[in-house]
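Both complexes shown next keep chain A, but they swap its partner, so chain B is in the first and chain C is in the second.
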Partner chain A sequence: MRPLDILAGEELERIHQATLDVLEHTGFLIQHAATRDRLDGIGCTVRGDRVLMSADLVARALESAPSEFTLHGRKSENDCPLVQGRSYALSTSGSPFVIDVRTGERRSALVGDVADFARLVDALPHSHMVSPPTPKDVEPEIVSPVRVATMLRNTTKPMRVIVESGVEVRYILQVAAVAHGGLEAFRARPQLQISVSPLSPLTLSEEATQAIVETAEAGVPLGVVPAPMVGATGPMSLAGCLVQQNAEVLGGIVIAQTVNPGTPVVYESRLTIMDMRSGQSIWGNPEVALTNAAAAQLARYYGVPGSVTAFGTSAKGMDDQNGFERAFNLLAAVMAGASILGAMGAGDNVLHTSVELIVLDDELVAWVDKLMRGMRVDDESLAVTAIHEAVMGDGSFLALRHTRDFLRGGEIWTPALSDRLNYEVWDQEGRPTIQQRARAKALELLANHEVEPLPEDVDREIDAVIDDARAELVVV
Partner chain B sequence: MSFRDKPRDDGAVGTPRVRFELLRQEAREAIHQATLEVLGEVGVKVVGDEALDILDRAGCSVDPATQVVKFPLGVVEEALELAPGKILLASRDGERDYLMGGRVVGYTNFGEGTKVYDLESGELRDSTLVDVAATARLCDAMEMTATYERAVAPNDAPEHAHDIYALEACLRNTTKHIHIGANDGEHVELMVDMAAAVAGGREQLRARPLFSLNTCPTSPLQLHTASTESIVYGARHGVPVNVLSMAMAGASSPISLSGTLVTHNAEVLAGIVLSQAASPGAPVMYGSSTTTFDMTYATAPVGAPELAMISAAVAEMSDYYWLPCWVAGG
Partner chain C sequence: MSIDILADLRAAVLDGEPAEVKQMAQRALAAGLAPLAIVQEGLTAGIREVGEEFQKGKYFLPDLVRGAHSMEAGLEVLEPLLAGNGEARASLGTVILGTVHGDLHSIGKNIVGALLRASGFEVEDLGVNVPTQVFVEKVRESGAGFLGLSALLTTTVHQQEAVITALEDGGLRDRVRVLLGGAPIDKAWADRVGADGYAPDAARAVRVAKELASAS
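Up next, the complex of A and B:
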């Protein structure tokens, strides 16, 4: 189906022009001298730590960024080609908490949870990519290499990790290279996208800049993921905040393309709204759905894959608010043509994540996918002959060959989780809730789903890389 | 002149800025053509001598033995041209009228349930007249509810007169426009009398209809007495009638969704032809509660993606005909 344009053509153009204006006249604060020098050398104006980027430079960067590329699975059947018209669901990134599936209580995320999420995504048919929570039981300096190692061991699907420094990138690439039989082999079929966050407004720390540079130098898919908060770290107007976020993403893309033209990049939107009462960033509201859709449209306009927080909710429990906020956000993101649908499993403004919600989201993705595939309209499906046959017969379509053929052909969606019982049966069965069914399915998959283990020597080598990282980075 | 040339005002106040399309223009044409084929060659069973007579005089071919009516293209297209694109759903006090049609979207509650979750006990029980009144009052207070559809059946009222008792409870408990079903033509007359008393007379009611009627064809391709009489009597009094099919794809309509749209469309268009033949220009709505049929549990899931797809497609077909459209959420 044709993607939904939330912005009219001229509105899109004005956001683009305003973005160029910001990049050219306000510029990006880049706290990394080598990158400033590099940008100075190709025609940027450097004023102190601030780099002013010309429209021409932005245009060239967007030209060299590939419009389509593939995030690979360990097995090719799990490849995610990022092409127009395809959307992939990605589990939540960076939540400090999880809802424990056994106790139902919120607790800090652990490395074991990273493994669980990776394995669960591996098992579910409509979940395509893994991103990890932030575990507390590992030293913060090496949390990203450990998360990547854990995901590599527990999924055959593509993955994404957010990093904060270049040195993390170096160890992550070592881990990935070990798992894939060398850096070249990994680069040829990257199973990982590395994301870096500019600080809003328009700032890249030394560490974050290094992370962009290291990732681009390695030619590994890079996500630029600012998270401006409307009214706090970005303008109060939605269009204004989109302009700022756009400048932050494009600035990151300029750096990556300057370092290594052709680096695959993902346009990532994590724009949120500040709740004026609590100061908290809010992810479940219609403004997030709107700006996500606009960001997805901007990404399409620039010809790079777009990624948004598609499952955002402010709800804490698995209640109606949780369901409708995540469903509306997802629908807007998919309709707008986002390539990557982030935050599967997220609750409480992405502060926690839960395996039950991952299972539920897998069902939501299947539901929306059915809608987006649209309706077959041809002579056979218009069914004039079948209608004649049924009306001349007993008036029922149940026994027709046409019914059997289309049923087998997948005309009607069969849910994996949703309740379709009649009231009496549902009542007799103890009024099961979707949360109970999701929980049972999560537990069943976690108990039984096996991911083919990495070879033992690879496993040991990964441990050795993590040991090196710990020795170098962890301050005792 | 055909329905394709009806005047449209796409830019009316309140029109959403963002538009989504499920069917391409060619798909709408294909569904329309297949519908004309079904209406012309398979026909629709119409129950009621008066309705058959009206359709006969309008140029349809009526088989009195089988009650099957076949609709020539010209008759269908003429009715589609005559049926208004926008209709007034009037409120009692004139403060909260809803002008239905075009691309403006209004929201309404569900009807008709036969059971309610009791607010005090939380248990499911048969609904009563008090529940009709309570839901009317609640929806009167809800900002986003444009009209009130009588939400539940008054199971404690005399069984043969649920519609009459319910209308009274609605009129007394909301000033918003009321949407309700009628048992037959005689009841339509009684309900018109009641509403006319509130409006200040039959002509006042015609100018500002305080209530509209809902009626469901029987799928596949039948209009029974309650439907034909609601359509004919409603049309004569200027009371808007919603012709709302409730097909189940795979059971009472083809399993292919576009095929379901064909029988659905044929049923609704048959109702619209009857309405326009009874009173040209009568206000009529294109309705849908059509969904799929769950073969495993033998239920009609209105939470299925197929309902969303059918509702979207129905809205697009109504847009194609430029008719006011009423679809199920669910």
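Up next, the complex of A and C:
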């Protein structure tokens, strides 16, 4: 299917022009002197901490950013080539809480949960990339390298981590290099995307700028991930907030391409709406679906992979709201051609993650994937002969070879979890719910799915890097 | 006539128009009204109505924030005069507010600050990424009755504990009521680190602060 253009051509152009206007006249507040100097040197206007970026510079940066690249798995069968027309599901990042699968209660995320989510994504067929929650049982200074080490040990799929500082990037890269037999080997087949957040509106802290610079210097895939909130840290108008977010992403891309032309970058949209009564940041509403679709379109326009939160919901429990918000969000994101579908498994405005939701989302992805593959239209599928055969015969298609062939050919999707029983059977079986099946499947996979362990010496070396990080960074 | 000015002033606070409020405050002074009366019957009464409209669900956060800004614009004119007269406006207490060290999340803290102001507290906002020592010094020198600490990250919540410990070490813990908040914070955490109060949102933050204020 062709991706859906939610913005008309002229609307897209106006958003682009307004973005350039903002970058050129308001500029980006960059709290990192070396980066300001670097940008000064290539023709930006620097006013205090503010860097004004010209349209020409933005165009050159977009030119040098690759339009396609691959996030690699440990095994190539798990590679995710970020190319037009392909979408990959990514588990949610950063949540402070998880819903404990055994008790059903919310509790703080732990390192064990990072491992569980990584293993679960590894096991599920329609889950492609892993992002970790933020575990509470590890020293805060080394939480990022520990998360990366834990994911490397528990998945063979590509991963993403959001960082706050350059120091973290250094240790993360050391961990990744050890796992891949050297930084060169890792760079050649990066299994990790590193993301950094600007502070809306249009600010980059010293640490965040350093993180962008260090990631770009290493030539590792970089995500620029602002999270403006409509009406709070971004304009109340959706188009305006998109303009601001667009400027923030493009500004980040400019820095990365200036540091190291050709750095692979991902355009990440985490624009949300502030509920004007509670102040909550809302992720499951139609406005987020709309702006996600527009952001995905902008990313396509710029020729870089786009990533959005495709599974956002504000629901806390496993109820209808949870289901429909995730489904509509996902549908909008996929139809708009987003390359990466973030926030798999997330509930409560990405404040918690649950293994049941990851399993359910795997099913949602399969559903939407089937939709997006469209239908086959050719002589055979038009079935003129089959229709004739059936009409002339007993009126049934069940016995036709055509039927069997198309069934075997995957014409119809078979769900892993959804209920298709008839009422009587469903009733006799105790009226099972999809949540129960999701939970059972999650528990089964967590109990039985094994990820090929890293070689022992690699494992030890990773521990040594973490020890170094602890010694350098943790204040006692 | 003077009654009208105060009614207009209240209405301007309710409308959330800082420039207008400032002008009206000046007009009220020119008309010979006492600064304390202008503050209490104009600004404070106006902002209280803003708070009530919000609690009733008629007003939204932007109304609240604009109301708070309007009141501040009026106070800019009037507060120096109050001080000159040796007077002070009625206040439920002063809250020192900030987001802890290593944490740049500001939105929740700002909303809590706005609603506290709209509910009759004075708020001194220290901003984000505030080092423990700065909180402690502020408590030491200001005599504020409340300290509100916001933390949004699993990796920064322990800074709330660090501030409480530093207050204890500095012999200042008894001087302030410490309130904690932020998305990863819950009651259990607040109890564990020995805070006086916790709130999951701004409206409850005000409720808790008021309870503590009346208990003291």
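Here, the second predicted complex is superposed on the first by the 476 of 476 C-alpha atoms of A that agree within 3 Å, B and C clash if a C-alpha of one lies under 4 Å from a C-alpha of the other, contacts with A are read in each partner's own complex, and residues count from 1 in each chain.
One rule holds in what follows: contacts are C-beta pairs under 8 Å (C-beta built on N, C-alpha and C of every residue); 3 or more make two chains touch, one makes a residue touch a chain.
What you see is a predicted model, and the numbers here were worked out from it, not measured in a lab.
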Chain C versus chain B on the shared chain A, clash or fit after superposition: fit
Chain B versus chain C as contact partner of A:423, first or second or both or neither: first
Chain B versus chain C as contact partner of A:380, first or second or both or neither: first
First, second, both or neither for A:406, with chain B first and chain C second: first
Which of chain B and chain C A:233 touches, first, second, both or neither: second
More chain A residues in contact - chain B or chain C: B
After the two structures are overlaid on chain A, angle v-u-w for chain B, chain A, chain C in degrees (C-alpha centres, nearest 10): 100
Which superposed partner A:395 touches (first chain B, second chain C, both, neither): first
Per-pair minimum CA distance [chain C against chain B, superposed on A] in Å: 23
Overlap of chain C and chain B interfaces on chain A (superposed complexes): none
Residues of chain A defined as touching chain B within the complex: 1-2, 4-6, 8, 335, 367-368, 370-371, 374-378, 380-384, 386-388, 390-391, 395-398, 402-403, 406-407, 411-415, 418, 420-423, 425
Partner chain A, residues of chain C touching it in the complex: 57, 60-62, 102, 104, 107-108, 111, 153-156, 158, 183-184, 201-202
Chain C contact footprint on chain A (complex, rising order): 96-97, 108-109, 134-136, 140-141, 143, 199, 205, 229, 231-233, 236, 274, 276-279, 281, 351
Residues on chain B engaged by chain A in the complex (per definition of touch): 17-18, 20-23, 26-27, 30-31, 34, 37-38, 41-42, 124, 220-221, 249-259, 261-263, 292-299, 301, 303-306, 308-309, 313
